[in-house]
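Below, each structure is written out as C-alpha cells.
The two complexes that follow have chain A in common; it is paired with chain B in the first and with chain C in the second.
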Partner chain A sequence: MNLPSRLLQLLMVVLMVGGTSYLMMQSLPGDAAWRIAAGRYGYDALDAAAAASVRAELGLEAQGGLHFLYWLGDILRLELGTSLISGESVWVEIRHQLGNSLSLAGAALGISLLIGPPLGLLAGLRAGGWLDRSLLAVCSLLRATPQFLLALVLILLISVEMGLLPAAGHGEPQHFILPAMTLALGLAAVSARLARDAMAAVTQTAFHDFARWKGLSNAQTFWRHGLRHVALPLVTYLGLQFVTLVEGVVVIESIFGWPGIGHALVHAIFSRDVPMVQGTALVLGVGFVVINLLVDLLGRQLDPRGVK
Partner chain B sequence: MAEQITCWLGMTLMVLGLGMPQAVKASAQSSGDEQATSRRLEIVAPFDIKGADPLLSGILFQRMQVVETLVEVDATGELQPGLATVWKVSDDGLEWRFTLRSGVQFHDGSRLDAEVARQSLEIARAKPGILKSVPIERIVAADDHTLVIALSEPFAALPAYLADYRQQILAPASFDESGTAQQVIGTGPYRMLRMTPPLSLEVTAFEDYWGEQPEVRQARYQAVSRAEGRALIAESGDADFTYGLDPASRQRLSKSPRVTLAAAATPRTMLLKVNANHPAFQDPDVRRALSLAIDRTAIAQVVLRYPRGASQLFPPMVEGWHDPALPELHQDVFEARALLDAAGWTVGEDGVRQKDGQRLAISLITFSDRPELPLVATVLERQFHAIGIQTRLDITNFSAIPAGHHDGSLDMALFARNLAMVPDPIGNVLSDYAGTPEAPGGDWGAMGWFDADFTAELERMAREGYEPTPEGQDPRAQASGVIQQALPVIPIAWYYQNLAISHRLQRAQVDPWERSFGLSELRWAP
Partner chain C sequence: MNQVVEGLAPQRVDAVRRPRLDWPLRRVIGAAIVASLVLLALLGNLVIPGDPLEQHLYRALQGADAVGVSDAGEVITSAPLGYDHLGRSLYHRLVAALGLSLSIAAGAVILAAFSGISLGLLAAGRGGWAERLLSLVADSLLALPGLLLVLMVSVILPSTPLALWLGLSLVLWVEFFRLARATGRSVLASPGVEASRLLGFGAWYRFRHHLWPEMAPVMMTAMAFGMANALMAIAALGFVHVGIPEPTPELGTMMVELLPYWREAPFALLTPVLVTFLLLLGLLLMSGSKARTSTAADTLEGARP
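And now, the complex of A and B:
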C-alpha cells in the first residue's frame, strides 16, 4: 500500500474512466449535434438551423478520437473543459453539484450510522432474540424496497399527510431530512445486519469468553475487546456504501428535485454533453479511489496486526 | 454493556425524534418572520434552467417577468405595447418604426434607448431563431426613442416576431464579447436575485420599474422534472404555483383542501407527423384512413382527461386560424378500411395490410419529456392495428424527430407542437408547412408534402396581412382548410395548461400564450 502504487492506480482510473465514458458517448445512437441542440434549446425551438449552428460551433465533424486527445491534454492541465449545453466550466458545475450531492450523502451516511450499527450491535449481543428476529425482517423489507418507492411513501406520509416537512426542493435545512432519510434507511438496513453478524461472531470467540471470566463487566468487554473487531468490517463496508450512495443519489435527486451530481449526470447523458459526462465520471472515479485509500488507512489503524 | 448501547440507541432516537419537529419549528418561525416583512411566492415547474442566455432559458426569464420584449401579447392574442409604445409601417411595407417607452431602466441602473435595443436585437438575430426567417435588411437607431427596422420585402407579422422570448431586450452589460449573455439584466418588474442552474432561481421586485409595483415582492422558481414530484409538492402545500400536472395527479389534487386547480387552453396541439414520401402515405386517402382510425374523444377523455379531442389543427383560442365551419375530424373505422381497400392495401394472412408484396408496417417515434405522449402512442398503435396497420413504437429523444425528417428515415412521429411560438401563428405555419419543392414542410410539420399555391398564399399573408378575400373569407381559415383536406399532419388533441394554485393567492391567472406566470398581477389572500 505504498503511495506510488496508489498514484499509479489513480492515473489508471483517470485514463480508463475518461476513455470508457468517451467511447460510450461516441457509440450512442443518434447524431450528437441534434442531441446537444435538443439539450440546449428544448423541443419548441429545436430545428435544423439550431443543430447546424451547434455542429459548426463545436466542430463535431472532427472525429476519430481527436476530441479525446484534446480532453487528455486538458486533464494534464487540470482542466475539464466547458459544458456543451450551458457553456459553463465543467469544474464550476461539478463543484456546485458535487457539493450538493456530498452534503446529502454525508447527511444520509450520518443518519444511517446513528440508526444501523447501534441496532445491529444490540441484536448481535442477543442473537436469536426478539430484537434480532424483528430487525432481520425490517432490514430485509427496507433493503428490498426500491428507493424510489420508499421516497414516495415517506413524502406521502410525512409531507402530504402530516405536513411536517417539504415534499421536495433545495435550499433550506429542512429540505435535507426526507431525501437523507430515504437514503439512510437503505444504508442502515445493511449496516445493521453487518454489525449484528460481527457482534454475534465476537461473542462466540474465546477471547470474549476469557474477558468475561477474568471479571470484566459486559460494557468493559464490549469497549475493550468487542468494538474494534466489529468496527473493522463496518468501516470496510462504509467504503463500499459509497457505491450504493451514488446509485441511490441519482434516483433520490430526481424525485426530490435536488441539484446534485446524479441529476447532472443523467441530463448530461441525455443531451450528449460529453465533457460533462467525462468530468462527472472522472470525479466519481477518483472519489472511489480516495475513499478506498481512506478505508485502507483506517483499517490499518483499527487492525495493526501484521505491520512491520 | 447492553445498557450503554441502549443509551446510544436512545440518543439516536432522540436526535431523530426531537430533531425533526425542532427543525420544522425553526423553519416555521423563520417563515413567520419572513411573512411579516415580505412573503415569498414559490413556483414549481418542469423547466430546467440552463444558463443566462436568452436562447437557453430566456423563456423562463420572460415567464418570471425579469425581461421584457418590445411588443407584448394579451390573453386574447392581441399585440400590446411593451417596451415599444407604438409602431408604424411605411406605405411600401418596408420600413417599421418603433417608438420606445421613455424612462425605462435596466436592473443595473442603465437606461433603455434605441441604440441599446438595436444591439440587443442584433445579438438575437445572429443566433439561431425565428428572426432569421424575417427579411430584415438592417436595424437602425434613428434617434433616442425610435428604432427603425428596414426590410428587403414587406413582412406584416414583424411586431409579433418581436414579442418572442428570444427577442428580449437585455442591457449591454449582460453579454460577453461573443454575444452570449452571462447575466440576465432586463427591464421587467422583477430582477434576478440569484440563479443557481439547473434547478432554482430567485427574483425580487425591481424598485425602479417603469410600471406599477407588484404586491408579490419575492418569488422563487424551482424546477422539478418529475410530474409526481411536482404534484406532491403542490399537495403538501409547499408551492403556490405548480405547473405541468399529469392527468392522474390532477384527479388526486382536485380533492386537496390546499390548492385549486386551474386550466387554460393553449395554442399547443398534439400531432401525428406523417411522412408523405412513404410509399403508403403518398396517397392522401391513406393519410385520411389513419385519421379516421383515431378515436380522439377516447384519447382526450381517458388518457389526457380533457373534455374533447382536436377537430382541426388550431384550437378555438387561435382566432382566425381556427375555422368553426370546418368539418370535424372524426373516427370512422369502416370508412378507414374502405379507403385502404380502395387504395389497393388488402388485408394479408397475418392481419396486416399489404400491396405489391409490401406490408403496411410502420414505425412511430415519440418521446417521454411529455409523459402523455408514450401513452397516446400506445393507444394509436392499437387503433391503427384495428384497420390493419402494424405500428412499431420507438420512444426516444425528441431530437430524433427533426433528425429523421432531414435524413428521410421517419415514418410517423407523435409530438406536441406550440403553434404560436410567435403570437401570430403565421411564423409557425410558414416554417412547418411551406418550404420549397426540394425541401417541403418543416422539422415539426409536414414531411414530403408540398403545395405550391398554398405556400404562395402563406407568403402573401406574411407580407400583406389577413385582409378578407373578395368572397369575404378569412385567408387564415382557408389555409387551415387546406391543411385539413391534405392532412400532412394529423391533429389528435388540443392542449391545456394545468396548474395548482395555493389558497394563499388571489387573482391568479393562467396566461394561455405561455409567456408569463403573471406574478405582478397576483395578490396575497388576506
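And now, the complex of A and C:
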C-alpha cells in the first residue's frame, strides 16, 4: 500500500471513530446528563441541580448532526475535548497513559523477539525434526490460551504461590515482568511459527542450495541469504501483531492494574466518558495506521523488488 | 521450481513435507474436540436437567458428592461438577455458558462470512469505484483493533448478546471480504466463468459451481479461526466485566467470579478454564496453521513483485 492510500485510510479511521463516537453520544441509555453527573460526583451526590449544571456546561441540549461537525473541527485543531468525568483535557490524560502503554508494549515486543524468531529459525532449519514438532505443539497450546487466562496462570503461580513478583502495580521495574511476559508469550507463539515457515521455505529454494554448493557454511548461508528472506514476512507480521498487542493491552492492563491506555479505555467505557473513549480509540487507530506505514517502508528496504 | 528442488535434495523436501501429512489427523482431533463440546452445549441439559441460576447456598463450593435429599427422601444428584460460590450447579452453568458463547460466535461468523463473501465478490466482479470504496472501508476497519470496535459497539448498544454479535460481525467480515476478493478476482476472470456466463447460467449457478469450490477450503479455515477469535473476545470481555452482564453464565465471567476461591475449590475455577482452552484448541487445530498466516500472506501479496 502506498502513501496516499495510507493517508486516505487515516482519514477514514478518523471519520469512523468520529461517527461511532457520535452514535455513542446519541445512544447513551437514560439521560446523558444524569449519567455523566453520576460519574463525576458519585451516585450519592447526584441530584437534579448537578445534572442540570452538567447539561448546561456540556451543551447537551444542542444535540444533532452539529455535534459531529464540531468534533471534526476540534480534531482538525488537534483538540480531543475534555473528559466528562475528570474535567481534564483528554489529550493530557492520553499522553500520560500512552507512555505507560508504549513502554509495556515495547517490553513485550522485545521479549517476544528474543523468544519467538530464534526458536522458529532453529526449527525451520531442521523442518520435521523434534524441535519443530515440539515447537508446533507448544505454539498451538499457547495460541489456544487466551491472554487473560495466561495472565491468570502467571499471577496464581508466580505471584500468589511463589510470591516472587507483584501481581499488580506500576512504577518499579519488577512490575513490568508479569504483564510484559503475558503479552510476549502470545506474540512469540505466532512469530515463532512464521519464522519457522519462512526458514523452511528458504532452505527449499534453489539459491539456498546453490549457496551451500559453492562452499558456504550453514551459518554463512543463513546470514547472507536466509535472514533477509525470513525478515520480510516477520517484519510484515510484526506490524499486524501490533493489533494483537493493542487488544492484549486492553485486557492485560485491566488485570494487572497498569495505568495505560487500555485500562483507561475500559474505565471510560464503564463511566460512558465518550470524549475519552473517542480520544483513546482515535489514538489507537491512528497509531496502527502509522505503524503499518513504517512496516511498509521497512519491507521495501528489505525487499526492493516490489518498488515500481 | 519444485521439480528442481526435488531433483537437488529429495530427502530434505521429504523432511519438510512430513508434518503436512498429519494435517488431516490434526483436523480430525480438532473437529472431535469441538463436536463433543457442541454436543455438551446442545444436549447437556437434556441428559441431566437442571437450572444454571438455581441457588443452594448451603452447598456453596462443594464438590459433586454434595448430594441433596428431596422432601420425598430421594437423593438428588443434580450437579455432577459440584457447586460455585453461590451454590449454583457448575455443570449447568457451564452448559449454558458454552451454549451462549458458541451461539454468539457462530452467529457472528455466519453473518460476517455472508456479508464478507458477498461484498468481496461484488468488489472483485465490479472493480473500479465499488472495489476501491469497499477496500478502503475494510482497510480502515482493520486499522481499528477488533476488541476496541466491540467495546465501542457495546457502549452504543447495552451489553447484550446482540451487541456482542453485531460488534464481532463488524470485526470479522473484513477477513472474509479480503479472502473472497482475492480468490474471486482470478476465478471470475477464468474462461470457465466466461463460458458459464455466455451459456446463460445465472449468478447463483456461477457462484455454486465455479466460485465456491475454489473458495470453500480457505473460507472454512477462516470460519474456524474466526470462531476461535470471537470466543476469545467474548471470554476476555466477560473477564474485564464488559461482556454479558451477570448472572447470565458466561465462560469469562465464571472465571473471574470463581477466581477468589481458587484455593478452596480449584476444580471449580478449572472447569470454565479447561472448557475455554479445549474449545479454542479444537478450533485452532481445525483451522490448521495456514489461517494464522493468511492475513500476513495477503499483505505480502502487495509487497511482492
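A few points about this structure:
In this section, the second predicted complex is superposed on the first by the 282 of 308 C-alpha atoms of A that agree within 3 Å, B and C clash if a C-alpha of one lies under 4 Å from a C-alpha of the other, contacts with A are read in each partner's own complex, and residues count from 1 in each chain.
Please note the rule applied: a residue touches a chain if its C-beta (ideal position, glycine included) is under 8 Å from a C-beta of that chain, and two chains touch if they have at least 3 such contacts.
None of the values given here were measured: they were computed from a predicted structure.
When the two complexes are overlaid on their common chain A, residue A:255 makes contact with chain B and with chain C alike.
When the two structures are aligned on the shared chain, A:173 is found in touch with chain B, with no touch to chain C. In the overlay built on the shared chain, the residue A:133 is in contact with chain C alone; chain B does not reach it. Of the two partner chains placed by superposition, A:74 touches none, neither chain B nor chain C. Of the two partner chains, chain B and chain C are each touched by A:152. Of the two partner chains placed by the overlay, only chain C lies in contact with A:247; chain B stays clear of it. When the two complexes are laid over each other on chain A, chain A has residues 126, 152, 156, 254-255, 270 in contact with both chain B and chain C. Of all the residues in chain A, the ones that touch chain B in their complex are 30-31, 34-35, 37-53, 85-88, 96, 111, 114-115, 118-119, 121-122, 125-126, 152, 155-156, 159-160, 163-174, 177, 217-223, 226, 254-259, 263-264, 267, 270. Chain A meets chain C in the complex at residues 1, 5, 8-9, 12-13, 16-17, 20-21, 23-24, 27-29, 126-129, 132-133, 136, 140-141, 143-149, 152, 156, 190, 193-194, 197, 200, 203-206, 209, 232-233, 236-237, 239-240, 243, 246-247, 250-251, 254-255, 265-266, 269-270, 272, 274, 277, 281, 284-285, 288-289, 292, 296, 299-300, 303, 305-306.
The touching residues of chain B, counted against chain A in their complex, run 1-6, 8-9, 12, 15-16, 20-21, 23-24, 26-27, 44, 47-48, 50-51, 53, 55-56, 59, 127-129, 132, 166, 180, 196-200, 220, 222-226, 228-229, 232-233, 235-238, 367, 369, 396-400, 402-403, 406, 415-416, 418, 421, 431, 442-444. Taken in their complex, chain C has these residues touching chain A: 1, 4-5, 8-9, 12-13, 15-16, 18-19, 136-137, 139-141, 143-148, 151-158, 228, 232, 235-236, 239-242, 252, 255, 259, 262, 273, 276-277, 280-281, 284-285, 289, 292-293, 295-296, 299-300, 302-305.
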